[in-house]
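Next come two complexes built around chain A: one with chain B, the other with chain C.
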Partner chain A sequence: MFLSPEVYKKFEDIVGEENICGDLAIMPSYHSGQIGAVVLPKDTEQVQAIVKLCNRLNIQFTVMSTGFIRAAMPQGCIYLDMRRMNKIIEINEKDMYAVVEPYVTSAELQAELMKRGLNCSIKGSGAQCTAIIRGHGHMDLSTGGDDRNQLGMEWVTPAGDVLKLGALGSTHEWFCGDGPGPSLRGVISGRGSGDALAEGGVITKAAMKLYHWPGPAAFELEGQSPNYNLKEIPPNFMVRYYSFPSVPQMYEAELKIGESEIMFALMGFNVAMLSANISPNMEMELEVIEKLNKEVQGPGFYVIVAANSPEEFEYDQKVLDKIISDTGGKSLAMVEDPKVGALVLIHGVRISVSIRETFRLRPVGGKAYGFQIMGQRDVNIKWIDEAANRKKELIKKGLGADDGGVYFGWSVENSHLGKTEIFFDPSPHPESLDAIIDWQQTTARKALEDHLNPPTHLPLSVVGPEVSNYHIWSKKLDEAFNPNGTTVVLPSLMG
Partner chain B sequence: MSIKDYRGDVEKCCRCSCCKFIPLQKVKGSKYSYACPSIAKYNFNAYSGGGRLLSMYSMLKGEMDYSEKLKEITYNCNMCGACGVSCNYAMDMQVNEPISEFRVESVKDGQTHPALEKVIEGLRKTNSMVPVKGKRGDWAAGLNLKNAAQEQVDVLFHVGCKTSFDPKMHKLAQATAKILQKAGVNFGIAGDVEVCCGGRAYQMGYEEDARSQAKKNMALIKKAGVKTVVTGCADGYQAFKVLYDKFGVKGDLEVLHISEYIDMLMKEGKLKLTQKVNMTVTYHDPCNLGRKGESYKHWKGVRKPGNRFMFDPPKDYRRGEHGVYQPPRDVLASIPGLTLSEMTRIKEYAWCCGSGGGVSESNPEFAMWTGKERIEEALSTGAEAIVTTCPWCEKNFKEAIMASGSKLKVYDIVELVEKAI
Partner chain C sequence: MFQKDTLVKIVGEKNVTDESSTLDTYSKDLSFVNTLRPDFVIKPKNANEIAQLVKLANETKTPLVPVSSGAQHFRGDTVPGSGGAVVLDLSGMKKIMRTDRYHRVAMCEPGVTFEELIPAVEKEGIRLNLPLLPRKSKSVVGSLLEREPVTMPTYQWDISDPLACLGLIVGTGEEFRTGQAAGPGTIEEQWEAGAVQKAPYGPGSTCWHRLFQGAQGTMGIATWASIRCEILPTLEEPFLVGSPYVERLFELSHWLIRLRLVNECFILNNTNLAAIMAKNWPCDYQAIKHALPPWILFYNLAGYEYYPEERVSYRKKNIQSLTQKIAVESTKALAGISAGELLQKVHRPSEEPYWKLRYKGASHDIFFLSIADKLPGLLDAMNIEANKASYPASDIGVYIQPGVQGSSYHCEFNIFYDPQSPSEINQVSQLSTAATLSLMDKGAFFSRPYGKSTDAIMNRDAATVTALTKVKNIFDPNNILNPGKLCF
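Moving on to the complex of A and B:
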C-alpha cells in the first residue's frame, strides 16, 4: 500500500468502505501497480471532497470513465473510477441535448435517443466508452465531432472548485457550451491534440448535443452473437462503399457529398476496417481483405444514406450517383449485397465493433502505434499518401506488419473538417519497433514543417513555438487551473 | 491445462470494457445494459472479465501473487460466462476458459474458499452437492418408474442433486416423469444410485472431483446401456454434454435437456399440449443451458508464426451462439393461453440468476443480489411469472422474491407443461 492508513481512512470517510480499495490485487486491472487507491465517488460532492483532499495532502489524482486509455501512473496517486456515476439525468428533446454522468456509455445514451428519434455523436473507440468525453467517430459528417458536442458542463477543477460552464453558468439550462456564462470549452477539452481533458480535473456532468435520427426506434436484429444482423435494411436507408482511383478524387467526392448535405454518415474505412466490420472472425476478415483489395481501385469510404421520406431518399440517391460518377468512384459489389450492407449499417450507426477494427488482428499485448491529424479536411488529407508510402516501404522491408489497410480517415461537419489516421503495427523483426517510432517522428515533424496541424508525438516545447507560443500559454493555464500539480492528465489517442 | 496455456488470450485483453456490458448491438437503454453481475455489484475493475484476465496476466509475469483479496475476487464470480460472450462479439480469444482454469489452479494451489471446501467434502462423502436428506430416489415413491440400472430403457432421466434432495423441488422430477410417461417414452431413473454430475464442482474449481463424478456417471450409463440422457437441470446438462466431452469421456452419448426433449416429442407428435394455462410469463435462460451449453469444440493445433493470435487449424471459439435458446421458447409458445413476454437480456446475453460458480454457498448475499436484479427485470415485462429450466435458478429466484416482497411466481418449464397436458 502506498497510502498510510491515516490517509487511506480520510478518503474512505468520503466514499465509504466499500468504495475504496488500495489492495494490490485490483491494480493490474487498472493501469499500474503504482496506484495508491482506487475510489468510486457517487456524486459531485464526493468528487469535490476527494479532489480537495488530494490538494490538501499534495497527492496526485487522475480519473477514468470506462478506462480504455492505458497509462503509467505516478506512485501513490488516487484514481477516481467514475463507475457509480452512471445516470442519464435529462434528455431534452426540445432543445436537443442530453445531460449525462461520466459512466453513461454511448451505447446506452444512443439507445435511449433512438427511441425518441434522436441520435448523438459516438467516438470511433466504440459505444462502450463514455458518452461525455469529446472525440471523433463514424457519424461526424452529420453530428460533428470533438468538443462541438459538449454543451453545458459541470467541472470539478484540479483545485477542487465546482465550475458550471456554458449556459449552465448563468442559468439552470445546459443548452450551450459557450454561454451565457463562462466558456472554458477550448481550455478543458480542446487544448492540445493529445489529451482528452487538457486541464485535468473531473467532469461530473455534461450536456451532449443531440441530432435528428430518421431511423427505427431500435434495430430489430436476428441471429446470435457474433452474427447479429437486420432482417432487412430499413426503408429510406442505403449503404454503399465507394473506392476511388486517387486520394484527391476521393476528397472531391467527400467535399461534394458534404456540401450537398445529403449524407448521414461517411466513414473512410480502409478495406481492412471494412472487413473487420463485416467478418465475424479473424480468418474470414483476412479472406475478405484479400477479396476487397482486388476489387477496390484505391482509397475509399462507406456511406449511409438515411432519409426521412421516399422522396428525400430518391433525391439523395440521385445526387450521390452524380457525385460518384463525376469523381470516378466505384461501388463495392460486396457491400451492395443487402445482408452485408446491413452489417455496415448497424455497426456504423451503433459503433459496436470498433474493437474488431483496432484490436482483433493486432499483435497480442500490442500497443497501438500510428499517427493522426485532425483539422481542416483539405489540409489533413495532404499528408496521407506520403506517410502511407513510407509505411508501405517499411512493410516491404519486413519492418512493419501489413495490416491490409494502410490508412483511414473521414469527413467531419459536412467535409469542412476531417481526420486522417494511420495505424502501424510492429512486425516480429527485431528492429521493427524502432523503425515505426522513427516513422512516427518523421511523419510528425513533416506535419509540423508543412503546417498541416500541431501533431501529437512531438513534445509541446517543439510544437509550441510553431503555434503562437502555445507552450507558454499552456504553462500559464496549468499554473492557473492546476496550481498544486495534483491532476495527472493521461494521454489519450484522441485527435 | 494451466493458465500458462492461456497466456495469449489474457495478453489480448485490450481493456475495452465490452465484457461489462451486453453485446453493444443489444443495449436498449440505460437499464439492463450490464452483463456481469460481479463487476455490477463490486464495481472495481478486477471483478470484470477483463479485470480477471489482467490479474492472471500479472501473475503469469510474476508481478503478483495470491492474496486474500485476490481470493475474494476469484470466488465472487458466478462463472456465468456473460463476459466471454460480450468479448467474443468482437474479439477472437478465450475468456471464460482462462477464468475457469484460474479457479482450478487456485484450488490446486490450496487457495480455496471454506464454504466451497465444505460442499466438496460433502460431495466426496455423499455424491451430492447439497446436504442429503432421505434417499435420492424418494421423489419417485409410488410412481412405478423403471430403474435404469436394472431394466433396459431407451432414455435415462438424470434428476440432479437439487431436485432429488430438496423436497420442495420433488415436484419438478415428478412432473418430468409424468410428461415422459404421457409421451410414451421408455425411460428410467437411476434412483438411489444416481450420483452428482460434477458440473457445479467444476464451476467451483474442483476439477478432479468433477472428473471423478464424470467417471462414475459414465460407468453407470455404460452399464445401463443407454444412448440418451435427459437432464432436468441445466447444470447437469452442461456437465454431461460439454464437460464430459472436454474430459474425453462422453463418447457418443446423446445429451438432451428436458426442454429440448419435450420440444422434440411435441414436434414428433408424441406429446400434445391441450389444456389452457392462462398466464403471461417471461423466460429466463439458465447460463448452463444457454451460452455455456453449446457443444465443446475439440481443437488441436499450433499458433501460427508471426505475432498475430491465430492458429492452424483456426480455432472455432465457443461464443455462446449455439446454446439451447429456441426449444424452451417453442415449448412455451405451444402452451394454449400462455403469453411469453421477453426480458431485455435474453439468450446468449441473459443476466445470470446468481446461484452459479458456488456463489450461493460462498456468498449468499451476492447470489441474492444477482437474483433480485433478474426479478426486477422480469417484473418490468409485466409478466406474472418467471419460467426457468433449472432448479438452481428456481431456488435462487424464490429466495430473491421472498426477500424483495414481490408477487412474481416462479415455475420450471415442466410444471407448466404438466398443467397443459
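Moving on to the complex of A and C:
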C-alpha cells in the first residue's frame, strides 16, 4: 500500500470500505503506474469530498470514466473510478438533450435514444467509451463534434468547488452551459495538456446535445459474435463506399456532400480500415484488403444515407449520384452488397469504433505515431498528404510498416470543418523507430514553419510562442483553477 | 486619467474628442442605466493603437469602454459604469478582410455593420446567419460577441456560432487570437499558407473564444472576427403559420428544426409582426396587429446547387404531414402579410427607423433562454407582471427564436415606450425589474445580463461569479476594461 493507513482511512470514510482499494496486487489491473488507491465515488458530494481531501493532503488525483485511454498516473495518486456514477438522468426529447453521468457509455445512451427516435454524437474511440467527454467520430458530418455537443455541465474543479455551468447554476436546467456572461465552458474544455479531452477536475454530470434518428428503435441482429450482422438495412438508409482518382477529387465530393446537406455519415476510411470494419478476423481482413485494393481507384470514403422520408431518400440519392459522377467517384461493388453494407452501417453508427483498425496491426500496448488534426480540412489534407509522401519514401526503404502510405479523415458539420489523421507503425527494421520519430518531428516542424497548425510532438515552449503564447495563458488558467496542482492532466495521446 | 496630448500622439488629433456634446451622446442610451459622461471619446484605427491605449490605461488605471456599433444603443453596456472613463469607439474600423465562398467564411473589423457585410458576402455567393432585423448601425462583431440569437437555428451547432475566430487585445494590452487564427504565423502568413481562420477550437484544448463572448468588453477588445457563413440559396419558399396556441407552434418548430427541413425559423406575436411589417403608422400597425392571429411562426425552405425545386418540393410535402398532425396550417400570406415580403426583410437589417422604435420611439427588451415546456408559463408570468404594472400586455412584442439546433429558445419581450415621457420610462423601468425577478423565479435563464437587473441575475450563481472573477484577473487584472459591467 502506498498510502499510510491514516490517509487511506480518510478516503475510506468518504466512500466506504467497499469502494476503495489500495491493494498492490490489484492496482496493476488499473494501471502500470503506482497508484495510491482507487476510489469509487457514488455521487458529486463524494467526488467533491475526495478532491477537497486531496487538496488538503496535497495528494494528486486523476479520474477515469470508462478508462479506454491511459491517463497520467503519478506515483501515489488517487484514482477516481467513476463506474458507480452510471445513470442516464434525463432524456429531454423536446429540447433534444440527455443528461448523463460519466460511466454512461455512448452505446447505452444511444440505445435509449434510438427508442425515442434520437441519436447522439459518438467519439471514434468507440461506443464503449463514456458519452460525457468531447471528441470526434464517425457521425460528425451530421452530429458535429468536440465540445460543441456539451451543454450544461456540473464540474468539481481541481480545487474541489462545484461549478454548475450555464443555466444549471441559476435555474437547475441543463439545456445551456454558457453564461451568465462569458462561457466557462471555455475553461472546462481543458487546460494545459493541449489534448482534446476534458481535463482537470471531474465532470460529474453533463447534458449532451441530441439529434434526430430516422432508423429503427433497435437494430435487429442475426448471427453470433464475431459473425453477427444487421438483419437488414432499414428503409430510407443506404451505404456505399466511393473511391476517387485523386485526393482533390475525393475532397471535392466530400465538400459537395456536406454543402448539400444530404448525408448522415461520411467517413474517409482507407481500404485497410474499411476491411477492419467488415471482417470478423485477421485472416479475412488481409484477404479483404487485397480484394478491395484491386477494386479501388484511389482514396475514398464510406457514406451512410439515413433519410427521414422516402421523398428525402430519393432526393439524397439523386444528389449523391450527381456529385459522385461529377467528381469521378466509383462505388465499391463489395459494399453495395447489402450484407457488407449492413456491416458498415452497424460499425459506423452503433459501434463507431476505431479499435480494430487502430490496434489490429499494432503490437498490444504499442505506441501510436502520427497526427490527428482537427480544423480546416483542405489545408490539413495538404499538410498530411505531404507527410504521407514522406512516409511512403520510408516504407520503400523498409523503415516503416507497409500500409500503402495511407491516411484518412472526415468532414464535420456539413463539411465546414474536418478531421485528418495519419498513423505510422514501425517495421522490424532496427532503424525503423528512429526513422518514424524523425518523420514525426519533420512533419510537426513543417506545420509550424509553414504556418499551418500548432502541431503535437513539439515542446509547448517551442509551439506556444508561435501560437499567441497560449501556453502562458493556459498556465495562468491552470494556476487559477488548479492552485495546488492536485489535478493530473493527460499528456497528449499521441505525444 | 489620460492626458489629451498623449492620446493625440497615439491616434491623431481628429480621433480624440472631449467636446461635451459628443461626450453627452456616449453618456446614456435607451436603457435605464445611470447617465455617466466619459472623459474622452477616442477612435482608434487599428489593433496597434488599441494595444497602446490599453497599456496606457493600465498605467493610469483609466477605465476603457469599447463601443463598436453606431448609435442608438439599447442595453447600457456601452455607457461608462465608472467615472473617468474613456470610450474607445471602434465604429471607424471598417475593413472587410475576407469574403470566401470556398471556405464559407468572412472576416471583418468591429466597425463593419450588417448593412455593409451582407452585400459583401452575398456577392461571393454566401450569407450570414443573421439576428432578426438588426439595426443598420449594428456591428457584426458586436453581435457575435454578444451571442445574439440567429434566425437559422439549423446552422447554429453551438451557441457560439457563427463566430469562428477572434483577434483581441486583452486587458493587459497583449495581443491574443482565438481558434485556428492563434497561429502559427501572422494572419497574412496563414492566408498565404491557405489557412482561413475558420475553426473555433483552441489553441490547445481550451475554447478561448467562449471566454470573450458574452463578456461585454470586460475581458478583451476584439479587433476583428471571422464568421462562419452559409451558402446563398438558389431558391427559397417562405411560409407563415398562425395560431392562437403558441404550444402548437413550439411543436412545429421543434420538428422543422429536428428534421432539418427549414432555414429561417422563428415565432413572433402579432404585435411584433405588425411592428415589423407596418408601412403607414399608426393606422397600418393597428390594423395588421388586430387582423393577425396572436402567434405566427415563420419558416423558410431553401434549395441550393443541386435540384433546388425538388429539394423544396419534398420538404413541403414532409412539412404538410407535420402541420396536419399538429393541426396548424402553413400559408403564403396571413392577414395581408406575405411570407415573401417578411423574408425580404429578414435578409436585411431593419429599415429606418429601427423596427423596435417605430411604435413609440423606444423599446426596452427583456430576453432570456428557456426550454419548450417552460415557455408558456414564462409568457403568462410576463403578462401578469405587465398587468401589475398597468402596462397593456397586448402591447408587448414577443420574439421567440429556437436556437442551437433546437436545444433552447431565446425569448424576448419588447416593451415599447415613449422616451420623452418620464411616467412611461418609470413604468417600464419598474416593470422590467419586477418581470426579470419573476421570470427568473419561474426558470428563465438570463444568459446575457444587461443593465439594472445584472446584479440580481449574477447573484443567483455565486460559484460562476467566483470562477469568472478568476478568469477576469488573468485577462484584465487591473479591471480597466468596462468596469461596472457584469460582476466586475
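Note that the second predicted complex is superposed on the first by the 468 of 495 C-alpha atoms of A that agree within 3 Å, B and C clash if a C-alpha of one lies under 4 Å from a C-alpha of the other, contacts with A are read in each partner's own complex, and residues count from 1 in each chain.
Methods note: contacts are C-beta pairs under 8 Å (C-beta built on N, C-alpha and C of every residue); 3 or more make two chains touch, one makes a residue touch a chain.
Treat the numbers as computed from the prediction; the structure is a model and nothing was measured.
Should chain B and chain C be called a clash or a fit once both complexes are overlaid on chain A?
Overlaying the two complexes on chain A (C-alpha atoms) leaves chain C and chain B fitting together cleanly.
On the A-aligned overlay, A:33 touches which partner chain: chain B = first, chain C = second, or both, or neither?
first
Let me test your reading of the model: by the given contact rule, A:209 touches which partner, first (chain B), second (chain C), both or neither?
second
Figure out whether A:67 sits in contact with chain B (first) or chain C (second), or with both, or with neither.
first
When the two structures are overlaid on chain A, which partner does A:402 contact: first (chain B), second (chain C), both, or neither?
neither
So in the superposed three-chain picture, is A:252 touching just chain B, just chain C, both, or none of them (first/second/both/neither)?
A:252: touches no partner chain.
Angle at chain A between chain B and chain C: what is it in degrees to the nearest 10, using CA centres?
140
Pick one for A:90: touches chain B only (first), chain C only (second), both, or neither.
A:90 contacts neither chain B nor chain C.
According to the contact criterion defined above, which of chain B and chain C contacts more residues of chain A?
It is C that touches the greater number of chain A residues.
Go through the superposed model and pick first if A:218 touches only chain B, second if only chain C, both, or neither.
In the superposition, A:218 contacts chain B only.
Smallest separation in Å between any Cα of chain B and any Cα of chain C in the superposed model?
Scanning every C-alpha pair, the shortest chain B to chain C distance is 22 Å.
For chain A, give the residues common to its interface with chain B and its interface with chain C.
Touching chain B and chain C on chain A: no residues.
For chain C, which residues count as touching chain A in their complex?
Interface residues on the chain C side: 103-104, 147, 157-160, 174-178, 180, 182-185, 189-190, 192-196, 198-199, 201-216, 219, 228, 231, 250, 254, 258-260, 304-307, 310-311, 314-315, 317-318, 369-374, 404-408, 440, 443-449, 457-458, 460-461, 463-464, 466-468, 470-471, 473-474, 486-487.
For the complex, which residues does chain A have touching chain B?
The touching residues are 19, 21, 23-26, 28-30, 33, 38, 40, 66-68, 70, 81, 83-84, 86-88, 104-105, 107-109, 111-112, 115, 126-129, 218-219, 221, 224-228, 281-283, 346-347, 350-356, 358-366, 401, 426-428.
Enumerate the contact residues on chain A facing chain C in the complex.
92, 94-97, 144, 146-148, 151, 157, 161-167, 169-173, 175-176, 178-187, 189-197, 199, 209-212, 256, 259-261, 308-309, 311-312, 314-315, 318-319, 322-323, 374-376, 378-379, 382, 413, 416-417, 447-454, 463, 466-471, 473-474, 476-477, 480-481
Show me the residue ranges of chain B that touch chain A in the complex, using the header's touch definition.
Chain B residues touching chain A: 8, 11-12, 14-18, 20-21, 23-30, 33, 43-46, 48, 50-52, 54-55, 57-58, 63-64, 67, 69-70, 73, 85-86, 88-92, 306-310, 314, 317, 319-323, 325, 347-349.
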